[in-house]
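You will see two complexes here that share chain A, one where it goes with chain B and one where it goes with chain C.
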Partner chain A sequence: MLAEIGVFTTAFALLTALYAVGAALWGERRAHAGGREAFTVSARNAVILTFLLLLAGSGSLLAALYTEEYQIAYVWSVTNPQMPMFYRLTALWGSQAGSLLFWTLLMSAFSAAAVTLNWRSHRRLMPYAIIYMMAAVAFFAALVLFVENPFDRWWILPDASADLQVVKAALIPAGAEAPSAARLAETASGLNPMLRHFGMAIHPPMLYLGFVGFVIPFAFAMSALASGDLSSSWIKASRRWALIAWLFLSLGLILGGRWAYDVLGWGGYWGWDPVENAAFLPWLVGTAFLHSIMIQEKRGMLKTWNMFLVIFTFSAVIFGTFATRSGLVDSVHSFARSEIGFPMFGFWFLLTLSAVALILWRRSRGELRDERHFGGILSRESLFVLNNFVFVALTIAIFWGSFGAPIISELVMNTNITLGAEYFKSVTPPLFILMYILMGVAPLSAWGVASMPRLGRALLLPVLLTLATLALFVADGTTHLGALFGYGIVLLAGWVALIETVRGVLARQKAHREPVYVSLLSLFARNPRRYGGYLIHLGITVIGIGVIGSTLFQQETQQTLSVGESLSIDGYSLRFDELLAGQISDDGRLMDIALVTVLRDGVEIARLRPRRDFFPQTEGMNTMTIAGAHSTLENDFYVLLVEWEPINQNSATFKVYINPLINLVWWGSILLIFGTLAAGWKHEVLPARLRQEMRAEEGAAAPTGRLARKGAQ
Partner chain B sequence: MRLAAAVGLIVLFFVLQGLAARVVVAQDAETPATPVVTDDQVNAVAKTLYCPVCENITLDTCGTAACADWRYEIRLQLESGRTIEAIREDFVRRFGDRVVGTPLDPVLRALSLALPYAAAVLGLAAAVFVVIRLTRRMDRSAMRPAAGTVAEGAPRADYADQLERDLAGDRP
Partner chain C sequence: MTDIAWEKSRQPAAPSRRINAERLKLYAGLVLIAAVLVFVIVNGTVNNARYFISISTLLEDPTYIGKTVRVSGAVVGSSIAYDAENLIIDFTVADFDESTTDLVSALHEAVVNPNSARIQVHVENMVKPDLLIDEAQAIMTGTLDADGTFYATEVLLKCPSRYEEAVPEQAVVSDEFNAAHP
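Then we have the complex of A and B:
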């Protein structure tokens, strides 16, 4: 029953999405002819109905996972009776078919939210925005139904030949019988062990929200191009959506890094794996877009460029999805390989080509002409252009390493190559250095015109504070010149963000004679975008310090110890106390746990339990290495159980990492998230009293004019 | 007679002992002691090589039995005195360029590493060119600082007013 509900609701969702496309198109044509908006309104309702239908479809799959309906092939492949309820539910996105359904649901949720929240403020853009959003939703719903159906069930055809007796189909084939429920439960595979981790339970939804969220800015941009409303209206409509998508994408990347650090057992958080990079690419282009739209809003410039950026952000999302789910480039995430490659490639190609063609057409008609010119090479808009260059160059370099070089070498030179961490660590640092320099300098430059003497004066205090901080680093024993250079560049960006915020607080304090915290809150409340942005810069600074410290000063050793023996590394000792082999967990996994004591200068500071988990019922990748870690702000003492003697359990091999400053990566990420939340906070520019007065004047009429425009921002 | 036999046996014992010692010494001279290779030395090489059959996993972290065998092979090669470069070349010869993070083949290496730099330089040149070109076309009105910015040489006291205007959203 649940499978039927799922299939029919998804099929109806596909139909309503297609209807929304048609109705919006027809509504737009009628509106041009001076007709009523009934069809556009109907299209909006179809968008909301599509979301509700997909919600019902996903709900039925979730119910099937909850009630252990193993006849549904997807449930059978990602759960088993031993799995805890939590992981049974998160298995919704544990494999290809379910994750595609979930992806489609989230995209329709964003679409429904956008048409609801932007309906009154950006009505002109709505018809075409609906067309593009729903076309994307319809494509993914079709993929779910016709290529990767999570509601397919196992059937037995008793009259068929032996090798054709077991088939998968959503609806019952003629003469088919359902297999025995007990047999299905016995043979159920269970979730990939790598995904049985709390980080993996929330990392994919965050990442998907980030990915699909960019469909809204994309749709508004395409709507502006298609409708010819090329004012900054589409920017106003899409800025907050872009920020929301960027926030989720950032969260997804951070949680993915944390998951890798905890579960993959290699002592790091970023391996330059193609799947990680596929998520990083839209983040980079999206970051460029979020900076670049400020220039269009404030100066009416870079109109064509912004269109390209928003379109390539979504294009990068679709390409990354295509590349990683189709098995185009091998990676540890290859669980998601399937037959969706060609349809997804076609969708990506058409989407990108049509969008670029539309931009070029509008540009050729002179409709994307900038309203102002650059004021000078040091003006803020010029520095933002350089910032955009850096982000795009990073995107190209990472794209080339992850996808370009491996694919081209195979196609053209008939050889397989891997561009690994070696490549990325040699190509990306100069660009990251440039990015941090611009983060430090650009906020001090003025819009329009800026000169070197003024910029130099503004930079004086941050530079002095940076040098003072570096002196502290040197006093603490850091003598590595490369590291000091890196810290200096990163710190400059942080000090500028901090000084600009403090300067604002002091100015308000002086003017209003209010306490510091009131001034600070007022700044954030009244210009959340600017001060949220500074908080994001501060977060990126803290992350940068963590990345430099943990990359340049990481230490590691691997040694085999007998019980009671110790190994030493960087002032720490690790003593092997005991091995608890073959411990059985509630979910059926076998755990081999080492009990170790960590000492620093002879004093015990922690007892850790690094372990290896083995999942006997799972085929393929069925072990997981869980590190034991002692975390401080200074560093992580991170230990892995590599091997052990299975018979007398007297000796074991440990791999120990000292990861300096690594926790700054996580703390900086938290700052970044808070900064993004602040930057996206809806703020009322006019005081409450004035707004009330204006409302009273306007009576019950819909808000128009300045108030409406401000409210829509 | 008995004494002579005893002395003879003792002499024979020492002669045989000496011969045995010479044989052992000779054997030791032919097979020098195997150098001790630590796990850290093996991992230092394994870290630079990718598993030939897995996907984007370096040999030092790969948990499969095949990778354990390759790590053992690295150990044997290190024990035999081979350098890191020689071991990497050996793996590339057997499994192709996909086992190293950047190809050893000069053409592939140049293609992989130089192209992004070339693209970046071209991109930077294009960005600078665009900015300079557009700056030259700047009209006189743009010479005035935009509203919402601190003007060149503006007194510091104006900062508070400027901030208030910014916060009030009085920007272009």
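Then we have the complex of A and C:
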């Protein structure tokens, strides 16, 4: 029953999405001819209906996971009766088919939210925007239905020959019988143990929200190109959506890093794996976009460039999805080889080609001409352009290393060349250095004309503070010149952000008699984009310091210890106290836990429990090494239980990492998230009066049609 | 007031010659970034390129000996030897048909077929990965020594079978079959 509901609601969602495309197109043509707008309104309603249908479809898959309907092949492959409820439900995105449905749902949710929230403010952009977002939703709904259907069930055809008896189909084939429910439950695989982690439960939805969220800026940009409304209204419509998508993408990347650090047991958080890179690429292009739209809004420049950036952000999302989900690249987290490769590649290719063609066409008609020319090299807009180039350069370098080189070598040289993590470690640092330098200088520069002496004066205080901070690092024992250089570049960007904020507070203090925190809050309230941006810069600075520290100064050791013995590393010692073997957990896993005590200079600072989990019901990969970590702002003491003597449990082998400053990566991420929330906050809340008006409008039938007619009369 | 920096400049446009000179500077900056980009990419590619070849190619062509390459093979479970104290892993991988769509069977075939091409893999300073199990796909970077051992510096493991492509052979049989084969 649940499978039928799922299949039919998804099929109807595909139809309503296609209808929305058609109705919006027709409505736009009629509107041009001076006709009524009923079709455009109908298209909007179809967008919302599509979302509701997909919600029902995903809901039925969720219900199937909840009620353990193992006849549904997807449920059978990602859950088993021993799994706890939480992971049974998050298995909705545990594997290809389910996550594709979930992805489609999120995309339609963004579309429905955009047409609802921006209906009045960006009415002119709506018809074409609906066409583009619903075309994308329809494509993914079709993939779900025809290629990777999560509602396929196992059936038995008793009359067929032995090897054809078992078939997979969504709806019951003629003469088929359902297999024994008990046998299915017994053999169900269960979710990959590695994915049974809280970080993994929320990392994919965050990442997906980030990915699909960029469909809205993309659709608005395409709508501007298609409709010819090339004012900056598409940018105003897109900015907040781009910021929301960027926030989720950042969260997804951070949580993914945290998950790797906690679960994969190699002491790191970023491995330059192709799949990680595939998620990083849209983040980079999206960051460039969020910066350069400021130039278009304030100066009317970079119109073509912004179009390219927003289109390539979404194009990178689709390409990354294609590369990850089709088995194109070998990676720890790639999905198994799948049939969706070809259609996804086709979709990506068409989307990118048509978007680029539209831009070039509008440009050739002179409609994307900039309103101003560039001022000085030190003007803010010039520095922003350089910043954009750095982001694009990073994108190109990372794309080449992850996908370009392997694909080109395969096609042209008929060999397969891959570039490992070393490539990224040598290629990206110079570009990141440029990025941080510009991050430090650009906020101090002025629009239009800026002079070297003025900029130099503005830089004086941050440079002095940076040098003072570096002196602290040196006093603490850092002598590595490269590291000090890196810290300096990164710190400068952070000090600039801090000083600018403090200066804003001081200026307000002069004008108003109020407490400092009130000044700070009103500063954020009055100019959320600017000060939110500074907070993000501060977060990126803190992350940068954490990355430099944990990358350059990581220490590791390993040793086999008998009970009571200790190993020492960098002023710490680790004492092996006891091994608790074969502890049984609620979800059926067996845990071997080592109890260890960490001492620093003879003083006990932590007791840790590194462990190894064993999943007896799971075939194949069924063990998982969980690190124990003691975290301080200074460093992480990170210990893995590598091996132990199973019989008398007298000795065990440990691997220990000291990861300096690594927690700054997570703390900086939190700053970044707050900064992003601040930057997007103001426009979230409309004045109460306006909201009431809108609600009254919503109550009437076809509200905008009426308004538009009034305007026309 | 700090906000001055954010206001649009009210100065009249500077003489065009000055603008052109400033533009040239901007272009110079862009060219500089492009040059940095090209240099680091070419340099990084030349220094880090690794040929991804099959085990049989690696064994047949002696020119690959001593070169850093990337190979993919099926892990032979019975061969895994792990020295936990010194973190040394030794195992054998078998050549499998990579063009296949049914990776599970291809990996299985390679492991059970005694005639498949095989190499000994030696990895140092690595905690045994949880995924290093029988019939997993190992993608390894390293060099083949003249003695025939592959010294791997990086091992990437995948178990495609269990979570994605499995068909419940035993699960989906009729009740009569269950009765006959308890």
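Keep in mind that, in the parts below, the second predicted complex is superposed on the first by the 672 of 713 C-alpha atoms of A that agree within 3 Å, B and C clash if a C-alpha of one lies under 4 Å from a C-alpha of the other, contacts with A are read in each partner's own complex, and residues count from 1 in each chain.
The working rule: a contact is a pair of C-beta atoms (placed from the backbone, for glycine too) under 8 Å apart; a residue touches a chain by one contact, two chains touch by 3 or more.
The structure presented is a predicted model; accordingly, all values stated were derived computationally and were not measured.
When both complexes are superposed on chain A, chain B and chain C end up clashing with one another. Within the superposed three-chain model, A:T557 lies in touch with chain B and out of touch with chain C [touch as defined at top]. Using the contact criterion defined above for the overlaid structures, shared-chain residue A:A468 touches neither chain B nor chain C, since it reaches no partner. In the superposed model, A:L419 makes contact with both chain B and chain C. In the superposition on chain A, A:G448 makes contact with both chain B and chain C.
After overlaying the two complexes on the shared chain, residue contacts for A:L431 are found with chain B and with chain C alike.
Of the two partner chains, chain B is the only one touched by A:P274; chain C is not. By the touch criterion stated above, A:L523 is placed in contact with chain B alone, chain C being left untouched. Superposing the two complexes on chain A places one region of chain C into the space of chain B, and among 94-102, 148-156 or 166-174 that region is 148-156. In the superposition on chain A, chain A positions 265-266, 298-299, 330-332, 334, 373-377, 382, 385-386, 389, 393, 396-397, 400-401, 405, 415-423, 426-427, 431, 446-449, 503-504, 507, 530, 558, 560, 623, 625, 653, 655 are in contact with chain B in one complex as well as with chain C in the other. Residues 1-9, 11, 13-14, 19, 22-23, 25-26, 29-30, 33-34, 36-37, 40-41, 43-45, 47-53, 70, 72, 82, 84-85, 87, 101, 103, 127-128, 130-131, 133, 136, 139, 141, 154, 156-175, 178 of chain C are the ones that touch chain A when the two sit in their complex.
The residues of chain B lying in touch with chain A in their complex are 38-40, 43, 48, 50, 54-58, 60-61, 63, 96-103, 105, 108, 111-113, 115-117, 119-120, 123-124, 127, 130-132, 134-135, 137-139, 142-146, 148-153, 159-160, 163-164, 166-169, 171-172. On the chain A side of its complex with chain B, the touching residues are 264-266, 271, 273-274, 298-299, 330-332, 334, 370, 372-377, 380, 382, 385-386, 388-389, 392-393, 396-397, 400-401, 405, 409, 413, 415-423, 426-427, 431, 446-451, 454, 503-504, 507-508, 510-511, 522-523, 526-527, 530, 556-560, 623, 625, 653, 655, 685, 710.
Within the complex formed with chain C, the residues of chain A that make contact are 76-78, 95-96, 154-156, 158, 165-166, 168, 177, 179-180, 183-184, 186-189, 191-192, 194, 265-266, 298-299, 330-332, 334-337, 373-377, 382, 385-386, 389-390, 393, 396-397, 400-401, 405-406, 415-424, 426-427, 430-431, 434, 444-449, 500, 503-504, 507, 530, 558, 560, 618-621, 623-625, 640, 642-643, 653, 655.
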